[in-house]
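Since the structure comes first, as structure tokens, the remarks are kept for the end.
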Amino acid sequence: MSAPIAIIAGVGPGTGAAVARRFAKAYPVVLLARKPANFESLAEEINKSGGQAIGISTDVSSEESMKNAFNKIKEKFGQDVKAAAAVFNASGSFTRKPFLELSTEEFEVSYQVSVKGAFLFSRHTLPLLLPHVQSTGTPNVSPPTLIFTGATASIKSNAQMSSFSTGKFALRALSTSLAKEFGPQGVHVAHAVIDGVIDIERTKGWLVGQPAEAKIGADDIAEVYWGLHGQGRRGWVNEVDVRPMLEKW
Amino acid sequence: MSAPIAIIAGVGPGTGAAVARRFAKAYPVVLLARKPANFESLAEEINKSGGQAIGISTDVSSEESMKNAFNKIKEKFGQDVKAAAAVFNASGSFTRKPFLELSTEEFEVSYQVSVKGAFLFSRHTLPLLLPHVQSTGTPNVSPPTLIFTGATASIKSNAQMSSFSTGKFALRALSTSLAKEFGPQGVHVAHAVIDGVIDIERTKGWLVGQPAEAKIGADDIAEVYWGLHGQGRRGWVNEVDVRPMLEKW
Amino acid sequence: MSAPIAIIAGVGPGTGAAVARRFAKAYPVVLLARKPANFESLAEEINKSGGQAIGISTDVSSEESMKNAFNKIKEKFGQDVKAAAAVFNASGSFTRKPFLELSTEEFEVSYQVSVKGAFLFSRHTLPLLLPHVQSTGTPNVSPPTLIFTGATASIKSNAQMSSFSTGKFALRALSTSLAKEFGPQGVHVAHAVIDGVIDIERTKGWLVGQPAEAKIGADDIAEVYWGLHGQGRRGWVNEVDVRPMLEKW
Amino acid sequence: MSAPIAIIAGVGPGTGAAVARRFAKAYPVVLLARKPANFESLAEEINKSGGQAIGISTDVSSEESMKNAFNKIKEKFGQDVKAAAAVFNASGSFTRKPFLELSTEEFEVSYQVSVKGAFLFSRHTLPLLLPHVQSTGTPNVSPPTLIFTGATASIKSNAQMSSFSTGKFALRALSTSLAKEFGPQGVHVAHAVIDGVIDIERTKGWLVGQPAEAKIGADDIAEVYWGLHGQGRRGWVNEVDVRPMLEKW
């Protein structure tokens, strides 16, 4: 198989699924998530609607699990599979509690996913993104793109949020460092500060009674990412912030 | 006339012209520049190729001149003309010299254009952008958008560059303040940090011998702005940075 | 006269007066303020308690007024007077109102003081600070220091605050640019982000019922500035933020 | 024993030792370092010159080792020992190499020290700092202070430096979060961006031929930290940057 693929890590009910649907319009997509429930119906939906998707149960913070996932990708798409896009959307659940009540394990949860996970994801996807550089410039071929999903906590560290914000600050540092190293090699690396509540099942009870424009649409984030992917080499954006119309900031 | 227009200030041979061409594919465009030479052939080109453009000789830092420009816009497009987009791309020429050799006039040049000009432009365009809010959501109608062009100096202030950087820092503050005030009213305000050399006639002698990817393409900036304009209310980007692939940062 | 002086612009009932008192323990101080009422009793107080102070009625945003002020300084302290420290603490009163109700004059008030005033102050004080560089290193002689007072609005631009924040963002850009140009020449330039309510007569009605630690003490700011002034050439701080213990940020 | 102590982690030949010497003028100091060679002669020097110091061989990234260290502190100074100051100066050695050549272990080195180490240090020192809050305000008693040493990489993430910068970005997030949580409880938390080469044995070969002012003095950093410690509750600085006079930035 020679068509380049897109790999999305952290496929849940929100941003990850929306990003997968958007990129599936152009590429076969690989869906990585810990729980199969998070990608099974999505993969089926994409496969039924003319796209191509496979899901792989993966713990992004585990070297072993990530190695297995990328072996499966190569089994499926060939040893010389190339990636047109890779999106890291995984995030540890955060614990908001007084610092002195935080266990080391609770503190490290965010690191494991946001930093170690992003490190392993980058190490596995960059070798698939780099060979796609040579295709850039062919009509309708965008530069290969590596995108990281950040949050308000990527640039603002609040009280009782140190676990989450340390992970997100570090993720932003990783994205910038990779952008500077791999940009000149032809891979477009970008970071998105998602600054607001995303409208998903889990946040139904938040901002109740407010208009739809009080929340960020997962599809809107997907469009922003797709827009980043389409940018040419003479005009790359390395960081965006994303907010809904009614956000206070 | 009822079609909404786009207004571009600071139409020169680079970004401004590219932005005008891009937005002219969708809207009648108004081109503001001090020297008619900067918009005459561009307006002709747009008008000949199926678009609609008028140029108005304007000093954005002059209250009188701006008032005249917007009177002409209303004469041409009607008293109730609406704007779908307004792009402020004007910038004072900067003087790089030892601080103690800088005259007050030289220091203030950047303020006059980057800050007072942007203030007057915002004051005149927001009343045309706001009435277009009610059309948002109609199929294919994007939220009205106000975009400001910044530079590396918007976030980094170097030695001997205080005139330019004070203006650009202030412009960024203006953009953020307007985004927070007019965003909830339906106007999408965004700021672009253009971090690199734009490939125009004037910069032909810069970065000589380097590949095309060492400079930013004016057309690429225009595509980024067009992408911002197309974003929906549940996923607005308020700031982007734009770089060419080979930029060191 | 050969003792170096300290020059403080923006001497009012708060920070400026506290800074003047602190630096008057070491240097003759020059107090610049528009209204003589702002410096008269302060100068008297300093002169009576063993220090030396003169006040000069000055509009920092006026070239003419600033030229007169520095002529008076030279008449008083000699044509070859040197400055050990210069503190720019002036700030235009800010108008918080809807952007579209803001007149050009109201918008520009902040620029006139925070930017043009700071520019003129720097242009007049640097020629007095630079000759003091040669004395640095003599026992108990600190490097000459130029300090600018910023605010929360130096790094955060809120809705309806564009006049104030554009001025303060620009002032920060000026401070950084000067630090990079004059630091290597031996002048220590620093910027302070005062992030909180200063406890002065005018703010008596704010944060009522809260402990004293909810507000910043003007004397505490003066100590921070004095600390900056005392730093050696191998450990200069170029920016500090200052908050009271109970500040929420 | 009732005198409050100061605890310094990361005592090496540079900043840590200088900070220890400075704080030892006022408090008994505890020196934490992995290698006894890093604190033995320093402890001896302090004890001989009228101060009081003990060194404890500690791996700050190990829960077990940190627990042992603080047990020893309590054995020595009493179960109800209080801390007037705690300074976290430990830093993993950084590996500058192409990202794809970086092993997981190499990548994580910085996290282990800069983030997990700082987390454990905070968790152990805050319970000793908090009881000292009640003494604040007694003549000559400064608020208890927790200081973290950052670097250029705390705010700038360069190519091939992702291990170091992710750790330092995260450390800054931790410091800010703690400042917001424990500031209102009376503990002054501050972060220092050390932006330049520190003049120590290991950097002798750097910037050769340049004046002494091209490097930061470890003693100068110690003075900055001492200055932070002395600040009153109505004027706390939460972040400083420190540079030598000749630094380019």
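Letters A, B, C and D mark the chains in the order given here, with residues in each chain numbered from 1 onward.
In this section, contacts are C-beta pairs under 8 Å (C-beta built on N, C-alpha and C of every residue); 3 or more make two chains touch, one makes a residue touch a chain.
Predicted model only: the values in this text are computed from it and were never measured.
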item: Smallest count of steps, each to a touching chain, taking chain A to chain C; value: 2
item: Path length in steps (a step moves to a chain that is touched) from chain B to chain D; value: 2
item: Chain separated most widely from chain D, comparing mean CA positions; value: B
item: Whole-Å gap between the CA centroids of chain A and chain B; value: 31
item: Distance between the centres, which are taken as Cα means, of chain C and chain B, whole angstrom; value: 35
item: Chain B: positions in contact with at least two other chains; value: 180
item: Pairs of chains found to touch, sorted by chain label; value: A-B, A-D, B-C, C-D
item: Contact set on chain C toward chain B in their complex; value: 63, 98-100, 102, 104, 107-108, 111, 115-116, 119-120, 122-123, 126-127, 153, 157-162, 165-174, 176-178, 180-182
item: In the complex with chain C, residue positions of chain D that touch it; value: 143, 180, 183-184, 186, 188, 199, 212-213, 215-217, 219-221, 223-224, 227, 231-249
